[in-house]
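These notes open a run of structures that come right after.
The same chain A turns up in both complexes below, where it pairs with chain B and then with chain C.
What follows is the complex of A and B.
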């Protein structure tokens, strides 16, 4: 994606107002068209005179049948309209797992463990350099099994971590919403790197004694963007089943996935991935509209797997010594940029105001027909959204997107601070970021949020939510005890 | 005034017509058609004979003689023939330490060979696929298997992929349920589902008996099938989905832990099958049937069942000893012609068959599938269907019931209606003439029969 913004012209103040005026004109085009019509009608009426108007009114002989018929017609048309609309999907509430302080992994602990497990000087130095530049803070957490030397990557420990993170998040959610477990109709769980049999969805059904006719699905291996894939599936199910709710769980289980080898491309995930989980309650019941926080407007999925480089850029494999790990390729950022571009191409027309779309279209036509040297116009997404939740995959991802979408530091603050406080919690990171924005008291009714997730495959998925009620500063959430310390200034390099 | 009337009438007609059209259109797109399915047939060098099984078992030096005898007894009496298939890593002696490449190769071979055939037979290009679902319970690498398929077949960017995992042997109906739900939200959609199981990374090398059964019974297999809700493809479709019922008894602790992947006391991962499995299965099965029966059976049979039930209760209250323990049976054959039962094992097939009131002819496809292919987990239903089709049993308007059980504990079922006379040999083509065989007894009974005596 080209990095240079729209030509220097926009730096001129006068032209900035022209641009504003143009945007206002195009976006309210229909209203502007109606004005002359209304003026003409009122002129005609005024010319007629008040007596003539009264005479005209009395001459309308409306008998009962006609009135009734018109009313009936109006009601019928309104009913048809309402029935044929797709069912709205409301986000009633959500809860994020707050790791206990006993699971904290400050940099010193991480490096010491890396040294004691690996005994390889070069690997430890490499991981230290990564940590220095990672944008992570000292309060990120790893599961209890990873605190052992050597770590215990057993199935039992993995299940224990799953139970800890998932059940805590669900308990919080049940408390917040007052939902009874027996009333859950749909359950979708996504966890990429841990998939036991019976599934994590069966584990949840067992713990909370959910109904036997529940529609449960367990997605696995789908990467960091799987949270939005689960929302997509839940949305489709809610379109089909009236008056239902759906519980979506997004998590990543770290315990079985610690890489114990020395290949550099595989050491990165060790440094970045941390414990986390989110539980989200969706509903299509109209009565939930009153207490719901958000409504889902759009969800767009883009899969770049057809391109070999994109497919291989996040790849689980064995190194030369047989240790399994996830290798991240060097052109990850380029691929992420391309995936985002594809996703934007689909979501742009759905969310951008007419003014931006027209400008983009005109510039495109101009480049093709008039002069191909014109710089491509990058639509201003800040006009379509008030808040952005960019997957906290790593500092480089957030930098890249900030550049590509021309966002300010405040727009990406939620992502950077989530990366600092919680690390890369994979598919649940988007929810920690949303929680940050709410805790800062920035979420108001009518605001639109854009959640963008990237993940192995290579996929780029995005969801657009609209806030339905101003969210009061959270009483209980993962940011409760530390929100006042944020935002923090994260230096480019933290010397260790 | 007339103008007003005219406008009102036009508006009314337009809205009522568009409403009716929408309702009709919805109905048209609500059907889920099975266009075709292809069952996986591995190459012959992967056949697992009883002799080979015995060698593999002997390689595990931790086993004592009683363990060895127990395992061999299971294999010999399992109803599984010499023609079933296993993964290369086990045949080549790497069962205790399979590499990631071994696991990938096993799954890739199944997926690619069945998908190549499926696209070739249907004449549909991979670029036309809108929804892709893969369900393989015990292997979920990153990137997911759905991404691997998208990469291999260069599918579109907006393809909706879902990678289901951990959902056990009954995952086929779950995948169909997912696709069916997506179908109801979109028109003219094409979906491809791949269902299989991964054996290579899940070979148990310990000494816990409850975990060794899996080693004896699970075999390599898989199936790819194509579904659509496009009415214009109806004439090419084989079957239409009529209803689908899922029952999850995971709320009960026994049910949840009766089939579970976990570590044994020595820390080795295996698939534990507990002694309470039959009881749990019966409970889940009953629950499923309670919802399924009213949807599947004709009204007459349901009425008869109610009457028989009342009579039974009246008699039981008068003569407690004579009628105690005798349950009232429902005749499922009044609503279903063919039964695809999950080939969990000979005992499972017999138990389910007897509960549904089936005779030898009805359970033959399942028994023969167990014999020829072993327990291929979620894809077993499709091999059973393949047997029925190869035997030319599936005629137009016949109804086929697929019934499976899986870890969780789940019992899922779906009812299909056959749309035209089906005659493809499929994976059974080269051997269907030899079925049913004279005897299902293991040919090595002479050599290994001593295990049953001791």
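What follows is the complex of A and C.
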């Protein structure tokens, strides 16, 4: 009887070594192939001796034109290669908005307001249950207009919130990078649910007196994954415009969007969405490479809108009583899973080491041709990335992704802690998570980060960054005063 | 002026909530003492009036709210909500729910407002009149109302549930807010009252006491924490200047405190009005003056009963005053020992169980300073007073050219409506003192 565990242990250890050996072999296949060839060639060379090699060279009877021509050809091909390579996009630095304590919303206050605005016991109980299981903490913040009973969602209040969050983030960024506003060449702003005229990008241009020939873009309605869409747009623009920089602002304005009705599918966003904003500075200038924090390696966008169910799963509409809200369908997680799979299929070959890709390919072929009962192979993304930033859309999203990608608790810690401290800040949550990882001192040079955003549409967008310099722990950011308290243990159900 | 018109004078109400700046913690409870629970059906209502000045002109609602976050960090039970323990005893769960803030505007100027007869109880429009319940878990214990007058003056209404603390605590708390607003750092030695465990509850026996007790047990109607009155209560306030008092105070009473003289005076008048001869018993109530930088949230009342053999109308002023003094010195037994609490299930009324005279001279109402500006007037009242009524003797506005001992007094009477008119007539005719409180705001401005 006591012998039973030992075979298991030794077999699992053996399996681990087999796996390691396989990975080394496949990932360094080319090296393995080249080494014997190089050894053979050098052996031959050494045996033949230098005189024979010189005789061989002279026998080729190359004249000057041929040599020059070959040199030109080589130079030409090299030049074409270098010019057609995409310009590198560097993330110089970024800043996140830290909400003031005057905007804090404890659970009890949230529930009390829900009760006083809408005397519906059932919907209050429903929201209580959601809050208890939401994974949010007691320090998340709502804008000042939402502290009123009933909330005062005027245009003026919305603009005030926008100015507060965006200008704070930009001021922080300008301080960190020493950037002068007049030097900004491209401006991209994304904010899904608040789109005034003039746009938020115009608001920024007005406040900071940006140049008149700035290229500004304002993306609205694109959901929580719009942050990565903005980065994608900025990247494309930086390919076209040499020696430029781009300021990207990601935010979500909560003031006009508090749902005041009773329909359950629409109450969920009230419980989860909170104030936040991030300002990111991208550049393609060579001199910024020295001080940049990250380089953008890949950005993959997947849109499942062609499927009706995916299109309607996050839908803004009016309920039976005329209150506008965003309704989340029950199959949100299923659709998110499908979108993620789709995205992974594209990004996998770009980032995964050959060993994982081969296994995946073989399993796929095997399932199709040999026996479709084989379990699909889930590539081990932990081999491709050191850090993961999963959009803190809600506890369910993070749980689902942790399961799907087989991540450990430490990998999803940044996402869970961001959800706890800041709530779901929509498109800017990925930047709060990145800031958490840096504040914990885990970001080292050469580390790769995978940011995954989900949003209405239904979209799944991924960005892959590579860290260019180790970030010191004294990061001045939204986590500065509370990082020592984290990670916290978040119970499954908080008793209210 | 009709009541309907009165109501529209204050308009543009906006309600919001202010919470503590940092998380108080999970499951932090503030235990309520027996005294707290005895006082739970009473509510303190105060209105502080500030003249228009540079300070009030420049202040926004955000300026008023911002210091409150730190304030609530210090006095975090104020932001909690009433819950019941398993035994049924109420306590405060410090869940950071917050206090309620109401912003409003007034169509009149401050001068016009204060010029009106004080019997109209206009102050009620400037302070919320909410009580705890029926939803105890969603009832804030403290409300503040900021009303802007047409001229730029401001009124700060402050509603405080007595269960949280006595008027001394309430005033110290709001004065602390004033200090934080003015930019002063919070005092380091401030601490909350550490309540002893109420283990004595289990051993409390009903002490069969021959002495009368100043509380009356009541039956609540519904879930709201407010005792029903059989008669309609109203308020009135009048000013008694020192000179007026000297006129009525004979030589022999020079040693007697002003509060006692005023109490005796009013008791006599009321006894004349209440011809049924019931006016033989009164409760004298005072508050322990704890040093300022000390425990801030507690109910420490000292009460004594004065029992007469016949109606107070039969006694002379001197006699009555002396009797009151004697009784006060005699019996200051803590009320908690006299009342059986039964784990908070019983409901009591203290103010108004008998005719109650409350000594609030020591309460620093004019200590609420907004960057050095003091209020020009303070109205103070108690809600939930029983049918016998209560008389509050308050500090008057301080005049800079006089020392504190020569201060005038403001008397606020909370009595059945029909008695108030008669009382005022009697006081005017016999003693010449019950003029209506008309603020001479020109004087006030030069004194600020």
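Note that in this section the second predicted complex is superposed on the first by the 442 of 496 C-alpha atoms of A that agree within 3 Å, B and C clash if a C-alpha of one lies under 4 Å from a C-alpha of the other, contacts with A are read in each partner's own complex, and residues count from 1 in each chain.
Everything that follows uses one rule, which is that a contact is a pair of C-beta atoms (placed from the backbone, for glycine too) under 8 Å apart; a residue touches a chain by one contact, two chains touch by 3 or more.
Note that the structure is a prediction, hence the values are computed from the model and not measured.
A.B. asks: Could you classify chain B and chain C on chain A, in the superposed arrangement, as clash or fit?
C.D. replies: fit
A.B. asks: With chain A's C-alpha centre as vertex, what's the angle to chain B and chain C, nearest 10 degrees?
C.D. replies: Angle at the centre of chain A: 90 degrees.
A.B. asks: What is the contact status of A:70 with respect to chain B (first) and chain C (second): first, second, both, or neither?
C.D. replies: Touch status of A:70: first partner only.
A.B. asks: Return first, second, both or neither, reflecting whether A:441 touches chain B, chain C, both chains, or no partner chain.
C.D. replies: A:441 contacts neither chain B nor chain C.
A.B. asks: Quick one: chain B or chain C, who's touching more of chain A?
C.D. replies: Chain A has more residues touched by B than by the other partner.
A.B. asks: In the overlaid three-chain picture, which partner chain does A:116 touch, first (chain B) or second (chain C), both, or neither?
C.D. replies: second
A.B. asks: With the two structures laid over each other on chain A, which partner does A:101 touch: chain B (first), chain C (second), both, or neither?
C.D. replies: Only chain C is touched by A:101; chain B is not.
A.B. asks: For A:21, is the partner it touches chain B (first), chain C (second), both, or none of the two (neither)?
C.D. replies: After superposing on A, A:21 lies clear of both chain B and chain C.
A.B. asks: A:216 contacts which: chain B (first), chain C (second), both, neither?
C.D. replies: Only chain B; A:216 stays clear of chain C.
A.B. asks: Touch test for A:202: chain B only (first), chain C only (second), both, or neither?
C.D. replies: In the superposition, A:202 touches chain B alone.
A.B. asks: Would you sort A:376 into first (chain B), second (chain C), both or neither based on which partner it touches?
C.D. replies: neither
A.B. asks: On the overlay, how many Å separate the closest CA atoms of chain B and chain C?
C.D. replies: 13
A.B. asks: In the superposed view, which residues of chain A touch chain B and also chain C?
C.D. replies: Of chain A, no residue contacts chain B in one complex and chain C in the other.
A.B. asks: Can you check the complex and tell me which residues of chain A touch chain C?
C.D. replies: 101-102, 104-109, 111-113, 115-116, 137-139, 144, 147-149, 152
A.B. asks: In their shared complex, at which residues does chain A touch chain B?
C.D. replies: 69-70, 73, 76-77, 80, 83-84, 154-156, 192-193, 195-203, 205-206, 209-223, 229, 232-233, 236-237, 239-240, 301-308, 311, 314-318, 322, 324, 326, 342, 346, 456-459
A.B. asks: Name, in rising order, each residue of chain B that touches chain A in their complex.
C.D. replies: 8, 11-12, 15-16, 18-19, 22, 99-101, 137-138, 140-148, 150-151, 154-168, 174, 177-178, 181-182, 184-185, 246-253, 255-256, 259-263, 267, 269, 271, 287, 291, 407-410
A.B. asks: So in the complex, the part of chain C that touches chain A is made up of which residues?
C.D. replies: For chain C paired with chain A, touching residues are 14-19, 21-23, 62, 65-66, 69, 81, 95-98, 135, 138.
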